[in-house]
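Structures are listed in the sections that come next.
Next come two complexes built around subunit A: one with subunit B, the other with subunit C.
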Partner chain A sequence: MNKLDVVGKREPMLDAWEKATGRARFTDDLAFPGMLYGKILRSPLAHAKILHLDLTGAEKVTGVKGAIGGEDIPKKKYGIVPMAKDEYALAIGKVRYVGDEVAAVVATSLDAAEEALSKIQVDYEELPAVFDPVEAMQPGAPVIHEEVHNNVSASIRKEFGNVEKAFGESDFLFEDTFETQAVNHCPLEPQAALAVVDPSGKVTLYASTQIPFFLRRNLATTLDIPESKVRVIKPKVGGGFGQKIDLYAKDFCAAFFAMKTKKPVKFVYEREEVFTSTRQRHPMHIQLKTGMRKDGTILAQQFKVIADGGAYNSTAPLMITLACYFIMLPYRLENLLFEGYHVYTNKPVGGAMRGHGIPQVRFAVEAQLDHVAEKMGIDPLDLRLKNAFQAGAPHPAKLRVQTCGFSDTLKTAAKGIGWEEKRGKLPFGRGVGLAGASFPSGVSNMSHISSGAMVKIERDGSITLLTGAADIGQGAETVISQIVAEELGVPLEDIRITAADTEITPLDPGTFGSGVTLRAGNAAKIASQEAREKLFEAVAEKMEVNVKELEARNRRIYVKGSPERGMSFKEAIKFYQYSDRPMPIIGRGSYQPPAKEPTTLLKEDGNFSPAYSFMTQAAEVEVDTKTGKVKVLKMVASHDCGKAINPMLVEGQLEGSVVGGMGQALYEEVITEKGRVLNPSFLDYGIPTAMEAPSITSVEVETNDPEGPFGAKESGEGTQLAPAPAIINAIYDAIGVRFKTLPVTPEKILQALDEKKKE
Partner chain B sequence: MRGKEVVVKRIITLNVNGEEFEFLTEVHRTLLEVLREDLGLTGTKRGCDLGTCGACTVLIEGKPYLSCLTLAADVQGKKIVTIEGLAQDGEPHPLQKAFVQKGAIQCGFCTPGMILMAKAFLDENPNPSEEEVKQAISGNICRCTGYTKIVEAILSLTHK
Partner chain C sequence: MRLPKFEYLEPKTLQEAVRALASDAKRSVLLAGGTDLLVNMKHRVIEPKQVINLKTIPKLAYVKNVKDELRIGALATLHDLSSSRVIQERFPILSHVATKVGAYALQAMGTLGGNLCQGNRCRFYNQSAFWRGAKPPCYKAGGKLCHVVRKPGECHSTYCGDMAPVLIALEAQVRVVGPNGERVLSLSKLYSRDGKRPLSLRKGEILKEVLIPPPSGKTLYLKWRRRESIEFPIVSLALHIEKDGTEKIGKARIIFSAVGSGPVETIGAEEMLESSSLDNRTIERVSNQAAKEISPMRTSIYSPSYKRRMAGILLRQALENFQIPNPK
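So, the complex of A and B:
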């Protein structure tokens, strides 16, 4: 590959200065004259019929401009996965969890809106509720959605190879059960939406969203208006981690009230609402059986997975499918039987969260593998290396893995943590562990899987870039701009980017499945090339050379290898214009994953992603045997991201993801009692602070994927798959106890140490 | 103090970022609300409204305060500095530069509070250890960065 000037550089994010000086505008920072403030009345009961809703008290409160229930807004279901739509903007007929949306009000002040909520009268008839997914599947369990009688709203049963036969041929069989907990994404910015209606009747919704185009479509269908009457603009978004992939009552209610009152309307969720009424990582009950050959080959695995979905579907079918398919990476596994269920319960709703269904099963596999290795007398690192997937190998589900740096991530992570010197050799209470994983670089959904971009070369030599990509703080706009700058041979500062505005920017699926860099990056790359070619044609004509001989670099266009034979970028634009070529100079690009895609995996196997990233996390921990507290001293995050377009941002992704994964291993849990969240605040939830953050070493393994822009693949999301098992494995090395339930709290450690003493 | 009930309003004078502001407002309003809604200083963020996330941190007489737990009426006559007022004569504060250049900013929602907390801390303790830095910002939550680059940025300004 040629030397690169902008790609591969540690550039600060383009909007970092705005953010450092307080000028960056998030949804709640926007205000319009005459703006109304909205609030949502939520169910205090886990499962109940709404017998009567009386809004008259609310309507009488001074300043109140509207109050609605589910019957007052078009009765159209919404959902992020079209086949699994099961939610109304506001509940109709019954509520299904504590926090379900019952009514909404808008008023001239937030105080008046809150006052109005307290005046709404709701008569409920409480229904039997069910909080455990296993119980919810039993005959006779309370039915949460009328059309789903056993509460199983999505399921998958897939067999690859012949598991029974492979178990028969196995020298060792291992069976374990694992439990994972509910985890909240905790974006620092609570969900917000602000709707404004223009004189033509068009609604513009500013929203804290990862998916502006999906949101536009769902708003149009749910409010029964044409898509052309809806514009979604994503201002700065204060983190998402998957939670803002979804659509919420605030979006529909803001748009509905704005249309009704002709005034701007803003809804902002309180932190408690973020905990109780948005989305969370699905708790899973996982039974895992593994068959091993005595040489250390993983012959077969059998899973039974029950995911606690809470009261609604959200991404249910996709989540349970991802959990299945990503068992077969990063290790070779010819024989897999996967049985997975997404089960409704009267609890907060599960949704996509960093890793999306995979971290839970990955925890089970990686924790069990350590045990397998020990029982078979093999070093856990060697066991993983022996079974590591390799690029180009056939995949049982037909995933096409063109590049795979998994073995390198294993080796570098092990080296970084001091595996050879430390494993099994540290004093009691100290230990090391590691775990591996793989993740797609973008998922093909059933629609909206194509990204578009437009690049315009301006007369002053600057570049205008339009992309639909939704930057939620990960730096997507910066990375895509770096790609454009590299292609056009200009510095990053010459790029002006407009992104994530459904009226102006090209279609993009949004930020999910770790596809932004690859998908939107490729679209922008193609658009840049098209614009550049136009300029090259003018220059080639002027210089009487072949277009193919030209290159663009350092704000110059010149004959390859002879920078003196050429002209400045600006001169080139002038020649272009003077040769009566059509202005403006625009390049358009769109990118869709190649080959037989799109497959959904829901119905058939096939290559699900254009590329796959691979990663290993290694941890060193110290367990305080008196208090039961675990301190993670060090983490090494080794990641095959294909090519780091911006190594500083990749590191940032890895570091943040690792600490999130650590939180899930040790501290975080949304605790419910009879469906009510007991700890809906940062104070009680257990989010890691700087005090808990370990020292983190990031290792970027570059494999230059042919499908990725400049070779780039996913980074940051897959990283959250393996920290928890790496830490749990390190705890075993430290104190000799294997934990199968997350999080591993001090209470669990102390209890385990007590039991160990008794043995 | 809502709806038709008696609402007590008072004229309040605040000194924010070196400017005097005078306005009529309800006595129960927090400094966070007044900064964001009356003065348009939206750099101060509302992350929880419970004093648990640190995103609303501002400096009052040089000390860090959670503006969501501070009544505006109680801080009259005191010098308040928000993120918008940290630059001096158009020159960004070294912490702002360090946060930008070290990659300590991702989504940016915690950033204003984090920078102000770090400023107050470094003013008191210009030569802290890494552990002291971590302790100082432990009331400021960040979900994006894992704190690594934030701590690096702050340490880059110490005199060690």
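So, the complex of A and C:
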């Protein structure tokens, strides 16, 4: 590949300064004249019939401009996965968890809105509730959604190869049960929406969202208005981690009240609401059986997974499907039997969260593999290397893996942590561990998953880029701008970007499935090339050379190999203009991942993603055997991201994933008691802080994927899969205890050490 | 979450504040840094008619030596404590503990007076109005029952402050000003050990300053929490030890936080330590005794048995630290 000027460079995020100086404007920073403030009344009960809802008290509060219940807003179900829609903007007839939306009010001040909530009368008839998914599946368990039998709202049973036969041929069989906990995404910016209606009746919704275009579509269908009457604009977003790929009452209520009152309406959730009433990582109960051949080959695996979905579906079918298919990467696995259930309970709702169904099963596999290795007398690293998937190998579910740096990530992570010197050799209380994983770089084959971009070359030589990509803090706008700058041969500072406005920018599915860089990056690349070609044609004519001989670089366009034979970018634009070519110079790009064997995986196998990332994380921990506290000393995150368009941003993702993984492994849990969240605040819910962060080394393994822009694959969600099991495996190395239930708190460690002493 | 409506007062003198407070004591609160009070007000567990701001009263935020005694004004912030030269030199343990309270932002806002007078905590009480709405209000929130222990009339909410245990170990006293003038009492006596009304302040009384006698012996503070920032202690321990001139222990003070309705001194364990030498057997016995002596309640997400266990472990660690010739 040619030497690159902008791509591959450590560029600070374009809006870093804005954020660091407090100038960045998030949804809650926006205000319009006459704006009303909205609040939502939530159910205090886990499961109850709404017998009567009386809003008159609220309506009488001075300043209140409207109060509604589920019956007052169009009664259309919404949901992010069309086949799994099961939620109303506000509850109709019954509530299914503590925090379920019952009514909404708007008022001229937040004080009045809060006061109004306290004046709403609701008569409930409490229903028996169920909080454990295994109990919820039993016959006779409380019915949470009338139409759903045994509370199983999504399930999958898939077999690849022949598991029974493979177990028969196995030399060793291992069976374990694992449990993972509920974890909240904790974006620093809570969910927010601000709706404004213009005189024509069109609603503009400013929303803290990862999916502006899906939000537009769902607003239109749910509120029964044409899509053309809805515009969604994403201001700066303070993190999402998957929680904001969903739709919430705040979106529908803001738009509805704005239409009704003709006034701007803002809803912002409290932190408590983020914990109780948005989404969380599904707790899973995982039974795993693995068959091994003597030589260390993983012959077969059988899973039974029960995911606690909480009261609604959100992404249920997709989540459980992803959990299944991504068992078959990053290791070769010919025989898999996967049985998975998404079960309703009267608890906070599960949803997509960084890794989306995969981290839980990955934890089970990686923790068990370490145990397998020990029992078989094989080094866990060697066992992984032996079974590592390789590029181009046939895949049982027909995933098409063109590039795969997994083995390299294993080796570099092991080297970085000092595996040879340390594994099994450190003093009691200290240990190292590692774990691997793989993730799709976006979703290939759902026909609506494509991205567009438009690149305008302005007369002053600057570039205007329009992209639908939704930057939620990860730096998508920076990365896409780098791609455009590289293609046009201009520095990054020449790019102005407008993004994620459904009225102005081209279609984009949004930020999920780790597809933004590949998909929106490719669209922008194509658009830049088209614009560049137009300019090149003019320059070629003037210089009497072939277009193919030209190159754009350092704000110049010249004959390849002889920079002196050419002209500046600006001169080229001037010439283009004066040669009576049509202005403006616009390049357009649309990109859809190739869909050779169409699949959403929900119905049939096929190539799910255009490219797959691979990774290994290695941890070194110190366990204080007197108090049970684990200190993560060091993490090495080695990631095959294809090509790091911006290494600093890849590092940002890896560092975030380490702290997130520490949370999942050691600190975090949304604790509920009879469906009520006991710790709905940053004080009581323990996300690790900077004080807990270990020393982190990031290693980018580059494999230059043919499908990715400049070879890039994902480095977002996937990074979150390996750190937790790596830490758990390191704890085993340190104290010889295998933990199968997360999080591993100091209390559990003390108990385990006690039991170990007794043995 | 918004604050409830209230009348707001900015007295110019402490006397004025005392008068205002005494005039309607039941329905008035004092505001210092607000880091504890305002959260409780937003949660609607405190809904005062009148908020009296102490911060506008001049000259209450001092740190000074008066003869041998150290005096700290109630309005000195925790950050003042950790950055004060005088304290760093004479009572490094105090500056150390101040850095352990919550997180930096809380130390910058929070005052020593507010820290000592902060409300007791309970997982059923320190929650939003919405959260508490599903259950009838508990005793402390003005209701008729307790969700932790089904015994009527008693609130077991827990004192979780960090500064009090150490200051009690240092034998600090507090000067309070009230309608009938000033009085000085030992800090330990400031706490009533009644979960519902945890302070023994009388009607209209305001904490003015903390008085600390000259340092003697050695003091250690161990705070046990999940993370190294933000959190209250799951359990914490102040240990103060003075040798009797020989190798034996002359005086010992063992005070825990977050295990009772006020700071908890384990007198039995202290007596066991006094005139003993710090051998391993003593350490074992004393730590077991202390763990037995406390009776934490299930007022947080941590179980009483875990708190008890950690209390013993902390004390063992602290005592072991004293075995070393030059402890930290």
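Heads up, the rule we're going with is that the second predicted complex is superposed on the first by the 752 of 759 C-alpha atoms of A that agree within 3 Å, B and C clash if a C-alpha of one lies under 4 Å from a C-alpha of the other, contacts with A are read in each partner's own complex, and residues count from 1 in each chain.
Simple rule for what comes next: contacts are C-beta pairs under 8 Å (C-beta built on N, C-alpha and C of every residue); 3 or more make two chains touch, one makes a residue touch a chain.
Source: prediction; values computed, not measured.
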| query | Once the shared chain is lined up, is A:Val105 touching subunit B (first), subunit C (second), both, or neither of them? | reply | neither
| said: Contact-wise, after the overlay, does A:Phe682 reach subunit B, subunit C, both or neither (first, second, both, neither)? | reply: both
| query | Does subunit B (first) or subunit C (second) touch A:Leu649, or do both, or does neither? | reply | first
| query | First (subunit B), second (subunit C), both or neither: which does A:Asp28 touch? | reply | first
| request: Kindly classify A:Pro44 by the partners it touches after superposition: subunit B alone (first), subunit C alone (second), both, or neither? | output: second
| query | Who touches more of subunit A, subunit B or subunit C? | reply | B
| Between subunit B (first) and subunit C (second), which does A:Glu189 come into contact with in this model arrangement: first, second, both, or neither? | first
| field | subunit B versus subunit C as contact partner of A:Gly473, first or second or both or neither | value | first
| said: Let me test your reading of the model: by the given contact rule, A:Phe241 touches which partner, first (subunit B), second (subunit C), both or neither? | reply: first
| Both subunit B and subunit C contact which residues of subunit A? | 111, 114, 270, 682-683, 689-691
| said: Which residues of subunit A touch subunit B once you look at their complex with the stated criterion? | reply: 10, 12-13, 15-26, 28-29, 31, 61-63, 111-112, 114-116, 185-190, 236-239, 241, 268, 270-271, 472-475, 648-649, 651-652, 655-660, 681-683, 687, 689-691, 693, 696
| query | How about subunit A: which of its residues touch subunit C in the complex? | reply | 42, 44-45, 98, 110-111, 114, 118, 270, 272, 626-627, 667, 671, 676, 678-680, 682-684, 686, 688-692, 745-747, 750
| field | Sites on subunit B touched by subunit A in the complex | value | 1-4, 36-37, 41-50, 52-53, 55, 82-84, 86-87, 92, 96, 99-101, 103, 105-112, 115, 133-135, 137-151
| Which part of subunit C faces subunit A closely enough to touch in the complex? | 1-2, 5, 103, 123, 127-131, 133-134, 224, 226-232, 301-302, 306, 309-310, 313, 316-317
